[in-house]
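Next come the structures, one after another.
Both of the next two complexes hold chain A, though its partner changes from chain B to chain C.
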Partner chain A sequence: MTTTTPSATTTVFAGVGRRLGTGAPVYVLLAVLLAALAITDPGFYEPDSFLAFIKRAAPLVILAAGQYMVIVSGGFDLSVGAVVTAGVVAGAEFYGSYPDAPWLLVTAGLLLAGAIVGLVNGLISTVLLVPSFITTLGMMLILEGAVFYWTGGSPQGVLPESFRSFGRGEAGGWLPWAVLACLAVGAIAVWLMRSDFGRTLLATGDNERAAALAGVRVPRVRTLAFVLSGTAAALAAVLVAGFSGVSAQAGRGLEFEAITAVVLGGVILGGGRGSVVAAMAGAFSLQALFTLLNLQGVSGALESTVQGFIVIAAVGLGAADFSRLRRRRSQPSEGKSSS
Partner chain B sequence: MTAVRTEAPVSAAPRRLPGAGRLKVTDPVVGVWLAAAAVTLIGWIVVTIDGGQFMTQSNFTGILQNSVALGLVAVGQSAVILTGSLDLSVAYLISLGTLVAAETMEGGSVVTAVLAVLALSAAVGLANGLIVTGLKVNAFIATLGMAFILRGYIEDNYTGPAGDVPASFQRLGYDRIGFIPISVFLLIAVAAVLWLITKRTRLGHHMYATGGDEHAARLSGVRTRRTVIYAHVLCALCVGAAALFLASRLGAGAPWAGTEARYDLDSIAAVVLGGTALAGGRGGVAGTLGGVLLLSVLDSIFNQLSVDPFFKNVVRGVVIIAAVALYARPFRRRAKARDEARAKEKGALA
Partner chain C sequence: MLTMQDVSKSFLGVRVLHGVSLDLEPGEVHALVGENGAGKSTLMKVLAGEYAPDEGTITLDGTVHAFSHPVQAQAAGIGLIHQEFALLPHRTVAENVFLGREPVRRGFVDRRAMERRTAELLAELDETGITPRTLVKDLSVARQQTVEIVKALAASDVRVLVMDEPTAPLADHEVELLYALIRRLAARGIGILYISHRLREVFDLSRRITVLKDGRKVATLTTADTTADEVVRAMVGRELGSYYPPRAGPEEIGEPLLTTAGAGNERLAGIDLTLRAGEVTGVAGLQGSGRTSLVRALFGAAPFTRGHMTVTGRALRPASPRQAIRGGIALVTEDRKGEGLALRQSVRDNALLVTRAVHGEGAQAGGVAGLLERVNLRSRGHDQEVQYLSGGNQQKVVIAKWLAAGPRVLLFDEPTRGVDVGAKAAIHTLVRELARDGMAVLIVSSELPELIGMSDRILVMSDGTLAGELPAGAGEEDIMRLATASDATPEGSAA
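And then the complex of A and B:
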């Protein structure tokens, strides 16, 4: 794991096997939740309602993909919720001044702004050596404060239909744009994690010093992870804005949900382990859990209690399963790899 | 290994003597108190230019009063963070604590209420510790999950303020000796106990050792699990004290008592401002108090200048990042130099 051979590939190959091991429980969890949903609501797998479910899950899935990049490199991004809020409010304010702005331009502008926020987060964490927990906590305070200060507490402005259609409309009449965005982000994330960048990112999170000695430009890689997370958060903001409109509460708590999703996916906080697909599956599981609780008629207030129990239990079970599997595997002979 | 880490803050002092003037400032504990003093000075000047009066007795009382609740939580939080853990459930525990306190006081005696709140806190802390050590759930997720559990319970059972705190107990929140609120003595007492535990007892040394390197600590015979559990219980008890103080201040229990002021993230910010490493093993209670003071002096200055409350958050964020950046630099550089020296040693041996 901490070999000093100049190539980072050894680390990554070892990581591939481990990734399946830590990621496995989340697929079981997701399958169980989806089965429970099917039993509770027989109509759930009608194409329309299933696509609607994915559409609702899309912002969280995209946030989880971005958050994964940061967590796997050994950091935290607590600012994503604030980025979503700021994105939604900034979009509305912008349209307030320029009602005729083309939606593509505004979306691109928001993505760029998200990337810049991520860049600032990354530079502060890597150049000024502030722990990313604190950097992004500060960024969250700054963004939230700025949004409220700017709008006086109640954001105004109406988002035009063209801008909102990305979050709530359908391409070709049946496939929601949000689902497409979700798939695109997933594809990009998988591609990124298989590229040199992804390998160095994992290596950095696993052992920063070893990675640096192996020739990884650690600050650059970690900063890029923050930029990706910021951009993903801005994309989520566009979806949220389209889906649920302008609100100063748009992104509240999303940072914790995203981190929970990533951890549900078996990604180790502290970095170096876990797959991005499992992280996104974690986000789907979380959304499925919310939906299931809604359908089961658990009262809105108790919902968070159930959520708390299940998150702790799922992560605890994941940790327990993993260690038991490993012990069983290592004691007799080298068994087959787990699913 | 663990011994070295544990003794470091103590034994490092004499070694620093030659360059004391320079090195002292880079010591985060000294740094944060100096920063608090500097902020006070700047605030004094700015407020005076603005036409207000900063160095007044009532203002000092206010600053101290505002430090108590955050101080109690942050002191507890530093015990957990020192041990390499984290507690995100403190905000909801405070809310629940105020509700339990006020409701018990309404029907029973103050003593029962205090005991009930402390028992509740200890139970939550114990649960946190057991989840972190027994189920091996990462502390971030474990305590976040606990926060969700408490939040659901609170929202399901309470819609607004509940209970009633008798006037005799409200004296904790409002009485003062001279210009010092008596609640400050509560904070000082709790902080002193925590300081003694962390710096002078075996448990404290084990906490530093566990936070510094859990594996090494366990190999050296420290019962790391038990240590983490104790730290969580200690933290929760401090949070219980904060809940009692807030209940006496509010005169009732409030479901938003802990969450509105964001005690979870603010306490972590104060701990880190005070120079405690988030990864654990370094820092202490003294720095945390400095961090708390810094935050509440800032708050007081903003109030005096009647700055927009939302803008306050912006400045707060900048200050937190800037302060940590300031002393992260020399500290890390020294650590890096030490690492490099160590690596060289290893190279020479090989």
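And then the complex of A and C:
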């Protein structure tokens, strides 16, 4: 007696719409893009070239997984691009001073540094209650400025082959390490989101007060999301450094690409809903789109323009209430013709 | 004056109104009651022109109307006061009243005419606490509601005013003001359709009561000739039997599970109470007397800063909800959507939230089915998002969430607010069962019949202190006497 038939019907519709609305479209989009790539470039699915595509996409996919954690908890992390740049430059400078440092140690050091940046972001946002948008924007500017000051705009130092092989090399001669990194990050992210941490993270993003009253340590959970995002950014930095080498622009714009990817994956800005796999699929889609545009001869300079359209369209379509639009259309909007 | 004849309406092929008829006389307050989903709101939206009926007619003062837009209904003299106000907080009362219809003089808004007319309307309603130039944000909720009503009156020559749960946002003492306002409107010949869950109000105000169930009209009763029992029976279509489950016998009441001595904070003082296993303790008091502050202090959400507290025999004055939960305390808050549930998460994730957050053992999802069965949840599976559940079922999910953590002390703040009659009885039964299972239960409720029906004893709060204790079955008068005794000495008589 609590539910009547109409609400039952609407619930079913809402349920189907919900599933389509958050996850499914990005998989469809990805499939369409991959099909389009196959048509444009028949060689695309040669194992080598396909693995190379994944390798190129890997940093963004890893960043998207980290960004997802923060967005789903109700925040933003704008600092990840700057963390990538800082990571690449710091690695190069470090090898400039200690050319024989073992690559594993340097990689671990960078990951730790990324985690610390995330920790600072998280603590400032949750303890000092500075909105994460501002905190991480500030962190981005601080890191960018520091890198520029440190290097004078042209970073010195050469990364040794051992360090770079993670981003450019292959395991067993054919499987790129970057692909393995992607898979590992995906597996960890899925496991995390199914764990107590992930479920409480979603609940916190959905309703912070209810979560706190249920005993969730909201500041800790939120901070952990930033730590994960910072660590993911540092891992992306290692891949980017291996793949493209040293540059003071290594991570430029990656924060927005990561947010675009997450939004494309149907994750709701403001928190509480979305799947991490869909967010990573969003990153693949974005990379596939850039590749496709490249193959079609569209200028790379237009990438950010395309990205802008995508972000607005994805959020706009996600927010649009089509039933209302339909009703409005069917309703004659006459004025005050009272009878 | 107003007749709705055989109104039917379907959505997506599902009929939600089956030939409902209703009539309204000038100056009559006609109550419309029914459980959630009975069709009250749909019927009123048909009347207000928001939905076009599939069948049936609306006749107002002898004219048959077919509204296809709310503006037409408004022009014909039908005003609708929604539960949520549509006011601009940073604009003045007069600006809100004439929003979108500002009088114009030489191309400019004629502020003086606008304010003069607003003042006239306010005067007609004997409303002296509002001036046309007051900013809406500076008004109390009750006064904002008055502005909504004035807005409806200014829009046209209102013949029919529909009020949807008008007392829901109001504090207790503001309800009387609304009653007076409604009676004045009725005295001017305006017919009022009054939707409410609260039968008390319905009996206080209405001349007739129409009961809807599952989109059909069950009956139209003359208020003076009927009883609350009869109305409830019509609403749920069955005997609810005795409203409340039997109280605990003396042998069922066990050891103290929670005690406080001299506890207080900035809102509470001298709180001495004991909650026992198996016992349901009610807390009564007027709005602002500190009832909610008390449960929040016991739960560590707005902690005590003074005094002593024990939980299951150990000293524990919780400084955070987490500490309270670890100690075995649970709180079902009054604001279910704001504080009780993560609405976009599934039934399962909500039910496991506390265990996951505090005990870190949420992975054992197998226990969920048992929990939800325990609270008798009706949902479309455990993956359904809780936002799509009815209020009663949402409340059951909240209770399940706490039961998962195995609490010894359960605090309920307004446990049945916004819950329909059938689910209400289910929650009452559940609460009593939990007490019988050996938990200590404390209930805060502003519905005195509920408090009296459920409690084994009643503590009355006034001014942040416990003003006194009453035994089971105390009358409403006794409670109100203690609650309103302004010179009540903070003696803390509970124990």
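One rule holds for everything that comes next: the second predicted complex is superposed on the first by the 279 of 339 C-alpha atoms of A that agree within 3 Å, B and C clash if a C-alpha of one lies under 4 Å from a C-alpha of the other, contacts with A are read in each partner's own complex, and residues count from 1 in each chain.
In this text, a residue touches a chain if its C-beta (ideal position, glycine included) is under 8 Å from a C-beta of that chain, and two chains touch if they have at least 3 such contacts.
Remember, it's a predicted structure, so these values are computed and weren't measured experimentally.
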Checklist entry - Between chain B (first) and chain C (second), which, if any, makes contact with A:R217: first, second, both or neither? => result second
Checklist entry - Touching A:D206 in the superposition: chain B (first), chain C (second), both, neither? => result second
Next on the checklist: With both complexes overlaid on chain A, does A:R273 touch chain B (first), chain C (second), both or neither?
Outcome noted: second
Next on the checklist: Contacts for A:L34 in the overlay, against chain B (first) and chain C (second): which applies, first, second, both or neither?
Outcome noted: neither
Next on the checklist: On the A-aligned overlay, A:S304 touches which partner chain: chain B = first, chain C = second, or both, or neither?
Outcome noted: first
Checklist entry - Now for A:F148: first (chain B), second (chain C), both, or neither, which partner does it touch? => result first
Next on the checklist: Is A:I134 touching anything from chain B or chain C once the two structures are fitted on A? First, second, both or neither.
Outcome noted: first
Checklist entry - Looking at the overlay, does A:F256 come into contact with chain B only (first), chain C only (second), both, or neither? => result first
Checklist entry - Is there a shared patch on chain A that both chain B and chain C touch, and which residues make it up? => result 209
Checklist entry - Mind pulling up the chain A residues that touch chain C in the complex? => result 1-15, 18, 195-196, 199-200, 202-203, 206-207, 209-217, 272-273, 331-339
Checklist outcome for this item: Contacts from chain C onto chain A in the complex sit at residues 11-12, 14-16, 35-38, 63, 65-66, 68-69, 71-72, 75-76, 214-215, 236-237, 299, 301, 321-322, 325-326, 331, 333, 338-345, 349-350, 352-354, 356-358, 360-363, 378, 380, 384-385, 388, 390, 392-393, 401, 420, 422-423
Checklist entry - Which of the residues in chain B come into contact with chain A in the complex? => result 131, 135-138, 140-142, 144-153, 155-156, 265, 268-269, 272, 278-279, 308, 310-318, 320-321, 324-325, 328-329, 332, 339
Item to check | Footprint of chain B on chain A - complex, ascending | outcome: 78, 124, 128-131, 133-135, 137-142, 144-149, 153, 209, 256, 259-260, 263, 268-269, 299-309, 311-312, 315-316, 319-320, 323
